[in-house]
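Handing you a structure now.
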Amino acid sequence: MDVKSLMTFREALNLALVREMEEDPSVFVFGLDVADHKRIFGSTQNLVEKFGTERCFGTPLSEDAMTGVALGAAISGLRPVHVHIRADFLLLAMNQIGNMMSNLRYMSGGKLTIPLVLRAVIGRGWGQSAQHSKSLHGIFAHFPGLKVVVPTTPQDAYGLLRASIRDDNPVIFLEHRWLYDISGEVDENEAAALGQAAVRREGDAVTLVCTSWMNVEALKAAEILSRRGVEVEIVDVRTVTPLDEETIVSSVNRTRHCVVADYDWIFCGFGAELAAVIGQGCFGRLKRPVERLGFAPAPCPTTRPLENLFYPSAPTIIRAVEKLLGLAETDLRGESFYSYEQRFKGPF
Amino acid sequence: MDVKSLMTFREALNLALVREMEEDPSVFVFGLDVADHKRIFGSTQNLVEKFGTERCFGTPLSEDAMTGVALGAAISGLRPVHVHIRADFLLLAMNQIGNMMSNLRYMSGGKLTIPLVLRAVIGRGWGQSAQHSKSLHGIFAHFPGLKVVVPTTPQDAYGLLRASIRDDNPVIFLEHRWLYDISGEVDENEAAALGQAAVRREGDAVTLVCTSWMNVEALKAAEILSRRGVEVEIVDVRTVTPLDEETIVSSVNRTRHCVVADYDWIFCGFGAELAAVIGQGCFGRLKRPVERLGFAPAPCPTTRPLENLFYPSAPTIIRAVEKLLGLAETDLRGESFYSYEQRFKGPF
Amino acid sequence: MLDKKEALSLYQKLVLVRLAEETIREEYFKDEMKTPVHLGIGAEAISVGVCHCLPSGTKTFGTYRNHALYLAVTGDTDGFFAELYGRLSGPGKGKAGSMHLCAPEHGLMATSAVVGTTIPLAVGAALANAYRKTSDVVTVFFGDGAVEEGAFWESLNFASLKRLPVLFVCEDNGLAIHAHARERRGFRSIPDAVRAFECHLGAGDGSDIVDVVQSTRAMLGQMSQEPKPGFLHFTYFRFLEHVGPREDFDAGYREKPSPQELERLDPVRRLERELLRRGVAPSALETIRAEASAKVRRGAEEAQKAPFAPPAELTTDVWT
Amino acid sequence: MLDKKEALSLYQKLVLVRLAEETIREEYFKDEMKTPVHLGIGAEAISVGVCHCLPSGTKTFGTYRNHALYLAVTGDTDGFFAELYGRLSGPGKGKAGSMHLCAPEHGLMATSAVVGTTIPLAVGAALANAYRKTSDVVTVFFGDGAVEEGAFWESLNFASLKRLPVLFVCEDNGLAIHAHARERRGFRSIPDAVRAFECHLGAGDGSDIVDVVQSTRAMLGQMSQEPKPGFLHFTYFRFLEHVGPREDFDAGYREKPSPQELERLDPVRRLERELLRRGVAPSALETIRAEASAKVRRGAEEAQKAPFAPPAELTTDVWT
């Protein structure tokens, strides 16, 4: 049976949900908007039709309690997938996440298991602004007891979501909105494990350690840099906790240069952890300090010109690599970069 | 007029509140327990008597809304000091903190100012356990728009709290429970500014960069190490945001060795930021990688033997310094270390 | 009853909001207004009517569905469009966009895109008024979905406990995005659920500005007689999709009302009929519409010529 | 009315809890029990009475004031003291301490030291029951202070909306630490505030275990007849300080009731009187007390001899 096919990230998420729900009747999906006609940008489509409203249903606007409900169902043996249309809204649930979900297994002396997935979308573009654009993966990863996943490819959306649902620990699964439209080959039989980074591209000049959307920007940067003979290696972190330090450190030990391109604010973010891990693991090998890229130190602004500057991008990566290697700046005028208006605009 | 006097950290906090309330009628203090007979471990004593129940009052148990109330009062021109008896409870208010308080000035194009202090106590000991022991300073510092202060000395409790109340930005002010009983000289006229680290002790062997209670442990470690001729320098970070990178980096560039002793979990914590900043600022100068100390990667356990292992301490610091410098282990058997039972036990 | 002059002035404000939003609907497809828009077509009477009853400068708070509120409070179509087009001359320098419009200098302190988040802020502002011994009423507008958030209950409890001068205005369209009230409410009705709290309770037809004004005046009267918070519940019909410029009756989650029903639910048409009934000449209404239309058009046009914020603005206004 | 046998069995359970807590009060000053203790003296009848009515294995949730609940559900004084003394043989291996006691194998899923946090968990557990098409009732105990937290309202709303089999038990001592209800509640009464929700409502005297049992049985009957959540409101008197082993009538925030009043408020004494009135021999009660006392003493003594968790336990049980 051929199980490889081309699909979008959104379809891959959907397929992972369908497969898990088919195989395990204790898996269910709930959260605001999961059952309306838009279905979380299509990622929960057909679930109501296939599995009924008891296994896919909307809720009142009550993020705090709904997270507790997910936790209560999980310790009772179900496998809830609780969905949020923006990661920002998880801040409403931080008490359940940081004071309960992360502790309950420990406090019960290991008697409780918490097979729970919190899916949340990282918003961006068309004025998503300060309250609809956060990622916060480093914040969640700070609490022992949680796992945090930031998939980039359709294959990972599929494989890591399935692995997350099967995991007996609480997993926070963060999906960048722009990735939804990205297509790629998905092998349904390829199992994925949490805790493994992936080398997306090999190179010897610099290692780019990337999360989520930054992998896409990094690939674009790599393509441009390659034309002038600079081959960068791209490591997609994939899971923040557990973190695959080995893959990251061994890549940097080879290239001896590193740009961390994290999709979040820099200060006290996951990028700091990466820089610290690399600073330790590659001590004496690094030719230059690790360069950290991330959001500008400001809330995300609405207006497009400032929003463009807020986010790190392929050009920012290129400039960072050039600086690290002491190269002159590439002329980027002829290049075309990702512009989301080609994919979506207006309300979404 | 002599304005220097010996007082405890708790008294220094209280004095700062009294002085600010005397000088500015728009300053008020509210939160659970601020007006009962225990008065937040004594730190809000006499406020009701001196300023009335309108300027010092308790609330219902509603951390989320009460934080919004503080924010609403602040943008209306008052200067609220909102108090929480444990930092863990701030997780209930994360939405107001991370989606509102940190953004509102920016979103208003700079029209709103937010002169607001969130005081919270970091609990520890006698089974404070997983839900009454968090610090989370790195989490708060991750959001642009917030300031974060972690005082250690009575002088700083006094000076930095006054500076925080006078600051026109939201400040999260985190007070370690064990510091409350520490005495020190306080100069009432000494103004403090946010954004300045303090060198607590000079030395040439290793720089210890410390937050909050870790400064106390570091001083003890320094005393023991000094007896064998190892002089460590201790930098008290004091304010996480804004961070005084210069003082930290220049110390490490001198000693060429660094132990970061942060009072929080290590992974994705403020310690990672410090290690990243030092890795960058001291590149090529460091003789060994930065060593990070912090909580064990677990929720805080109740039982004392495990709690002892959970926290980094003077002995942990000594061992880290010895490892960094390649020294044999000091015999610590004759040493006496801090034990909170000498200060308080049972209910508190 | 409102006198004719007052009714005409309300018509003027209503029409300004309606035409501004109709202009957004036309312009939006040009893809220059790069901000989500939560249009309030059908809801205008609530913000306009309530704000009409408030002394000018009164502190107000709202949600992302804030266009009517912003225009009712400020009348400033120029700033409005500048912000929607992301220009430096907008009240938020373009950083705010549609969802965060505010004008503290006019009392509109904050609006927010996270449901329920400005409710406690309004209570805090009312606390500040009480602290300063003024009884000025702070007003906060929120949707029916916000009632499901814990912050609502916490805020209502605290305000009632402290008897703060805050007016809660619930704009109930029976929908949260596409979810109907029956899918979200485990209580009989919003007024019923609020009844046990120490606050004054009122309700009205949010599609009828005359009713809105009368209910609001009655409520403000009660609040000044017996100092307690007020809670006003207004129902209305959301004409368009949750966010964006289109109708969405074809999406399947709700029926399109009959044309007669839509006439009744449209607060502008409803006031128009009332004014005509009371003998106002059609040409007088036409004049009001023409003036509003010119103002709106100028705002939208000028905005598109205005400059964007310079790069340095990216990190300005984060801290003082 | 309960028959004598049942009343005696309740007495046995009540006494076990009371003596366990009295033992804590004696032992606590030796400073070996290094965990905060929120004693439930005065409150025992609620947990004991409600749990008495639940089929064994029923899922329950509680707060940090959980000793009566833990013992009512498990009867396990040995594990109880082991946990309080921080020993490996405690149900949480000593990691949990007093505030996080749980025994999932007996249905006691979780208790928590952050107010209100287990309420939504109970609703989630009830959702799991509904999902599995069982109508087993999940029960959650919480203090009156928890009603002020948004999570309570959100949980009540969702449970009512979905008509989940969850029994909310509010243990109302009129205090949150030292704050009286009047300083915290902006609503008339807790039952009034809950009335508009789609749940069954009941109330009783939490100092009287007979009343507790009867109210609970009536409630469970209603819930099985018409599937909806239940809400039971019990008042009781907290004899001791909020946390710790002492009385605190000298602290100034409340009056000490008269001796007669205290007799009435003490659920153990009250049931004792009732049993004597019904002809039970004093010696029969004495035997029950002696047995309970021996069990408690053994638990406390054995616990102190038991080993602590080895260092490796520090990072065990964080993840699976």
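By letter and in written order, the chains are A, B, C and D; residue numbering begins at 1 in each of them.
By definition in this document, a contact is a pair of C-beta atoms (placed from the backbone, for glycine too) under 8 Å apart; a residue touches a chain by one contact, two chains touch by 3 or more.
Because the structure is a prediction, the values reported are computed rather than measured.
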So the chain most remote from subunit A by C-alpha centre is D
Inter-centroid spacing, subunit D versus subunit B (mean Cα positions, whole Å)
36
Inter-centroid spacing, subunit D versus subunit C (mean Cα positions, whole Å)
46
Using Cα averages as centroids, what's the distance between subunit A and subunit B in whole Å?
32
Which residues of subunit A are in contact with two or more other chains?
59-60, 62, 64-65, 88, 92, 95, 99, 106-107, 129-131, 144-145, 297-299, 301
Please output the residue numbers of subunit C that touch at least 2 other chains, ranges allowed.
92-93, 95-96, 100, 112, 114, 148-151, 154, 157-158, 161, 183-186, 318
Treating touching as the only link between chains, describe the layout with one word: line, ring, star, complete or other.
complete
Quick one: in the complex, what on subunit B touches subunit D?
32-33, 36-38, 58-65, 88-89, 92, 126-132, 296-299, 301-306, 309-310, 341, 345-348
Provide the residue numbers of subunit A that touch subunit D in the complex, in ascending order.
28, 54, 59-60, 62, 64-78, 80, 95-96, 99-100, 104-113, 144-145, 147, 167-169
What residues of subunit C sit close enough to touch subunit B in their complex?
59, 61, 90-93, 95-96, 100, 102, 104-105, 109-110, 112, 114, 117-129, 131, 150-151, 154-155, 157-158, 161, 316-320
Residues of subunit C defined as touching subunit A within the complex:
28-29, 31, 34-37, 86-87, 92-100, 112-116, 145-146, 148-150, 176-179, 183-186, 241-246, 251-253, 308-309, 311, 313-315, 318
Which residues of subunit C touch subunit D in the complex?
148-154, 156-162, 183-189, 192-193, 195-199
